[in-house]
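Step one of this worksheet: look at the structure below.
Which chain is which? They are A, B and C, in the order written, and residues in each are numbered from 1.
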Amino acid sequence: MKKMKKVLSLLLVMAMTFACLTACSKSNNAGNGNDKGGSSTVSTEKPTLADYGSGTIKIWVADAAVEFTQQKCDEFFKANPDMAGYKVEIQPTGEGEAAGNMITDVQAGADIFGFAQDQLARLVAAGALMPLTGYYENFVATSNDAGAVGAAKVGDTVYAFPITSDNGYFLYYDKSVVKDPSTLEGIIADCEAAGKNFYMEINSGWYQTAFFFATGCKLEYTTDDTGAFTGSNITYASKEGVAALKAMINLAKSSSFQNGSSVDKATNLAAIVDGTWDASAAQAAFGDNYACAKLPTFTVDGQTYQFSGFGGFKLLGVKPQTEQGKQLVCLALAEYLSNAETQLARFKALEWGPSNLTAQADEAVKSNPALAALAQQLAFTIPQGNYPGEYWTDATSLGDDVIADKFDNMSDDELMKVLQDFQALEQSYAK
Amino acid sequence: MAKQHNMRTRKKVGNAVAYTVLILISIIWLFPFVCLVLQSFRSYITEVGGMVDYLVPKKFSLDSYKFLFSGETKFLKWYGNTLIIAVFVAIGQTAFVLCVSYALSRMRFKGREFLMRFWLILGMFPGFLTMICLYFLLKQFGLTQAGAVPGLILISVASSGMGYYVCKGYFDTIPKSLDEAARIDGATRAQVFFGMIIPLSKPIIIYTALTAFMAPWCDYVFASYVAFGNDNGYNVAVAMQRWVWTNDFQGYFTRFCAGGVLVAIPVTVLFLCLQKYYVEGVTGGAVKG
Amino acid sequence: MADKKKKGKVTAAFKAIGADIKDIGTTFAQGDWKTRLSFLIMGFGSFTRKQFVRGFAYLGTEVLFILYMVLFGAKYLKDIGTLGTVKGGYDANYVYTYGDNSFLILLYSILSIFIIIAFLFIWRINVRDNRNNQNKLSVPSNKDDLKSLLDERFDKTLLALPMAGVFLFVLLPIVFMICIAFTNYDATHQSPTNLFTWVGFENFKNLVSLKTGGFGHTFGTILTWTLIWAFFATFLNYFLGMAVAILINKKGIKFKKMWRTILVMTIAIPQFISLLYVGKMFAADGLVNTYLMKWGWIKEAIPFWTNPTLARITILFINLWVGIPYVMLITTGLLMNIPEELYESAKIDGANAFQTFRKITLPYMLFVTGPYLLTSFTGNLNNFNIIFLLNQGKPQSLELTGGAGYTDLLVTWLYKMTVNDTNYKMAAVIGIMVFVVTAVISLVVYNILPSVKDEEGFQ
């Protein structure tokens, strides 16, 4: 017994000294953190290398965009033969999945990947995005609309290349059913009369803000450069918040209301709050009666509000690279995939609304009905910032409670209590 | 006489009720499958590929099936992956289970009780807990993403030794005197195992292989965790579940149904053919625990 | 009493270890020079006795062990106290260098500890082997050694691979995840770019905390539902499944095989197809609701999945669809084992159908299928597929934290935390809780069951 103890303690001591020695000797080697230094990347010249080396660049884009991206990559390497030592491997991993997959294992993840903006802070916190500086920071800042530039930032650092500004929502409807798309009450009445469904995903934090921002509530977080949330400005627990919540409750009471935001999963559809990515599906569903409009107004306690909501963006991110050659090729490729020509071509091929100012000015973009509706709605929306992951979960909970009729018989005071708790919870995520 | 007559009518009424209940049950049980098949024949080109509020397609069409075989998608590759996984898992798991069962049923060695109890305890931990850890272990061997297929086989087979209960229960029912007679004749344990026990265990081998074969068709949780970011490593469950759950695939519902039918057919046929052994296995397992 | 027994066992184990160490000492003291050298160079004694197979096995183990520790194990094991200190970072050109990987440090440290234990074990065998053989004139030859692996020691051969598999792919990950429960490994401490470290019982405190954002209330709700679910899912299926089996077994019913085959389809068709589809059927805008409305039976959609109570009931009902065929299969054969005379005599005594069921069928079936009920119950506690494929645990509520919904079981909640929130630390804690619940229930029930107690009784 005693001997065992002795042996054990001896082993322990040995292990600890060993640990100390080795830990001390290497602790200051790589730990530069996020220091910005060195003039080479801060310069606004496009950084170049004599020899980029070779390798494989993994790219994740949505299934529909795989072919398009492949074609663009081929063009890129044709135009830049000095980087042609690299091959691309494109995988269909949509904007919805990409972030989750990257976070599971950054090292096995893609080198360049598309993602929806709500994942930005999470990705930065997990170290899955490399900050853009110098030339590339400039490129993002000067060529995209202001909302998109803001969306690519965490703190003051630019972390991604915007590729679309169309991640907002508006109304698709069936002209033969919905006569006047300007008020929610009118739409609901038309749908109920026709026995058809009105879809809005009120249990999603993304669509829910259409109510809360409409009445004037605020939901803002500030982050530092590492993606950590440092402060918040949330005013859900207010008269305005109660009005928004009541509007949701009223909507959920309608027999025509369905919770959802995907045309292909909707049945008996008359109107849906949805984004540009569903434009072709909506066209197919409505046929000749296809129409789009900005979101309607809604009335609570005699007061009328215009639906607001998020204006969101899709971004292209580059993973932190361990080799400079590959890093520069990735950056140049990501730039190419998000520049004016590619965005315009992407719009023509896939109807993704561009974030690039030049591309936005194109006639074809301007005349697209879905994008026109979105542009109209844009006047009422708030550019999407960074939100902690828990917000999306809690918003779903709030929406589920509304749909489950939990608040149906509550007084304003009781609703206020619900929102106070909600607000306190959301505030607790920013330290 | 009257009483007998009475009984007969009662029996008739009883049977009529029983038949009604059975028919009702059959309808309920088959209804989802009928729906699935019907919807798979709706065209996603000329009709709607997404969800609709009617059941019978307006026009019968094979478009969804054509799509699966067209090469526009890697469905055949995923199907092949799943088949490979299923076959190898069936072989590997059966081999492992037989080995463990024989050792535990026939041999008495130091630590046997402990081993059985220990495995029982290990089995009480939920499997998802360890997913992330298994992922990184597999990654170390290069068996994730592109190598997901062998990786999944490895994981399924490696942990299968713990599922020995049913098989050991079966071995326990084979009289030990048979072994002893053979051993007196000079046969080694190995010879007894391969020459005698295995030929006697056809039902349980089929049962083990069948259940092992069926499981990979349903594995989407761990498989998607291991294969993410590389669609060459997907199995059908992972790929088709993406059609339904992610927003990238608009109007894929009928194609999901069609794929579902194609997955269900071979598994179901195999199952129905080997049903007898399956029943034997589950019944034995239920009684022995 | 059980406590005393346990205590006795623990002291006995310590005593055994003590005696073992003493034995090592005496072996060394009394051993000849070959034995003594074998303490350092494993297998030396065996080589001198021309037992080359053993010798190589021992020596090989030692060489491999040393190589492993020097080349691989040590560099991870040294950091186990901190789980890494060096963070990754960019250089002036924004080229990234990865720092310490807490995940791998922990994982390989545990692996190394296992390997050390295994090595000590083999070393001990080596020592004992020397002691046993040093004074013997004839020792087992190489051929005997190899042969015995197919005969007396066939169990070692058979169990080697399965045990290695379980060890590496079951035990190691479980120990790893238990360790994670004591760290702060979550979305903001994600390897490889961030470090995580030990935090003691912090996460367990959070689990029972009733503050805002604490898991206490949610954990209580989900645990309760998990237990209620497992109970109803097991027994509803059991009784109704048996009823269906009796119905099909009934004299005078024709096409028995056909009825069974129809039911059995649900087992054969992969659940990810059937359950995903059935889940969609019951959505507010799904087939069931639209047809009921088309036929004018209902005016508003029935909130199958959005109303918490209704969602739970719906799941239980759909589970009948999944579970009844299993029970039917199992009970069909067993029901026929009940001697016909029992029923005959009951009939003569004037018992009606229900009475015969209660007095004859049920007691017999409960006795025989006791183990099935237990495994089915613990299986239902962890029945991931049905909940997740049908409605992913929805509906959520502000009354529940951590993304949990009213139909979530502990295990689906755990899954959500792992995959959606990458909140591994809490997932690990919940995993441990699932284990505790399963273990306690199994233990209690296991001790009640009469039919499992006597393992040898079947032979």
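Here, a residue touches a chain if its C-beta (ideal position, glycine included) is under 8 Å from a C-beta of that chain, and two chains touch if they have at least 3 such contacts.
In this text the structure is predicted, and so the values were computed from the model without any measurement.
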Leading chain pair when contacts are tallied as C-beta pairs: B-C
Chain whose mean Cα position lies farthest from chain B: A
CA centroid of chain B to CA centroid of chain C, Å: 18
Distance from chain C to chain A - Cα centre to Cα centre, in angstrom: 37
Inter-centroid spacing, chain B versus chain A (mean Cα positions, whole Å): 38
Touching two or more other chains - residue numbers and ranges from chain C: 285-286, 290, 419
Interface hub residues of chain A, defined as touching at least two other chains: 104, 266-268
Multi-chain contact residues (two or more partners), chain B: 51, 53, 132, 136, 225
Complex interface listing, chain C residues touching chain A: 14, 17-18, 21, 25, 74-75, 77-79, 81-82, 85-99, 187-188, 190, 192-194, 212-213, 284-286, 290, 299-301, 303, 306-308, 394-400, 402-403, 405, 419-422
Chain C-facing residues of chain B, complex: 11, 14-15, 18-19, 21-22, 25-26, 28-30, 32-33, 35-36, 51, 53, 55, 96, 99-100, 102-103, 107, 109, 115, 119, 121-122, 124-126, 128-134, 136-137, 154-155, 157-162, 169, 172-173, 175-176, 188-191, 193, 214, 217-218, 220-221, 225, 237, 240-241, 244, 256-257, 260, 263-264, 267-268, 271-272, 275, 278-279, 282-283, 285-289
Contacting residues of chain A [partner chain B, same complex]: 58, 60, 62-64, 91-97, 101, 104-105, 108-110, 262-268, 277-278, 280-281, 284-285
Partner chain A, residues of chain B touching it in the complex: 48-53, 132, 135-136, 139, 144-145, 225, 228-231, 242, 246-253
Of all residues in chain A, those that touch chain C in their complex: 1, 3-4, 15-16, 18-19, 22-23, 26-27, 29-35, 37-38, 40-41, 47, 100, 103-104, 106-107, 122, 125-128, 130-131, 133, 197, 203, 228, 255, 258-260, 266-268, 320-324, 327, 389-390, 393-394, 396-398, 400-401, 403-406, 418, 421-422, 424-425, 428
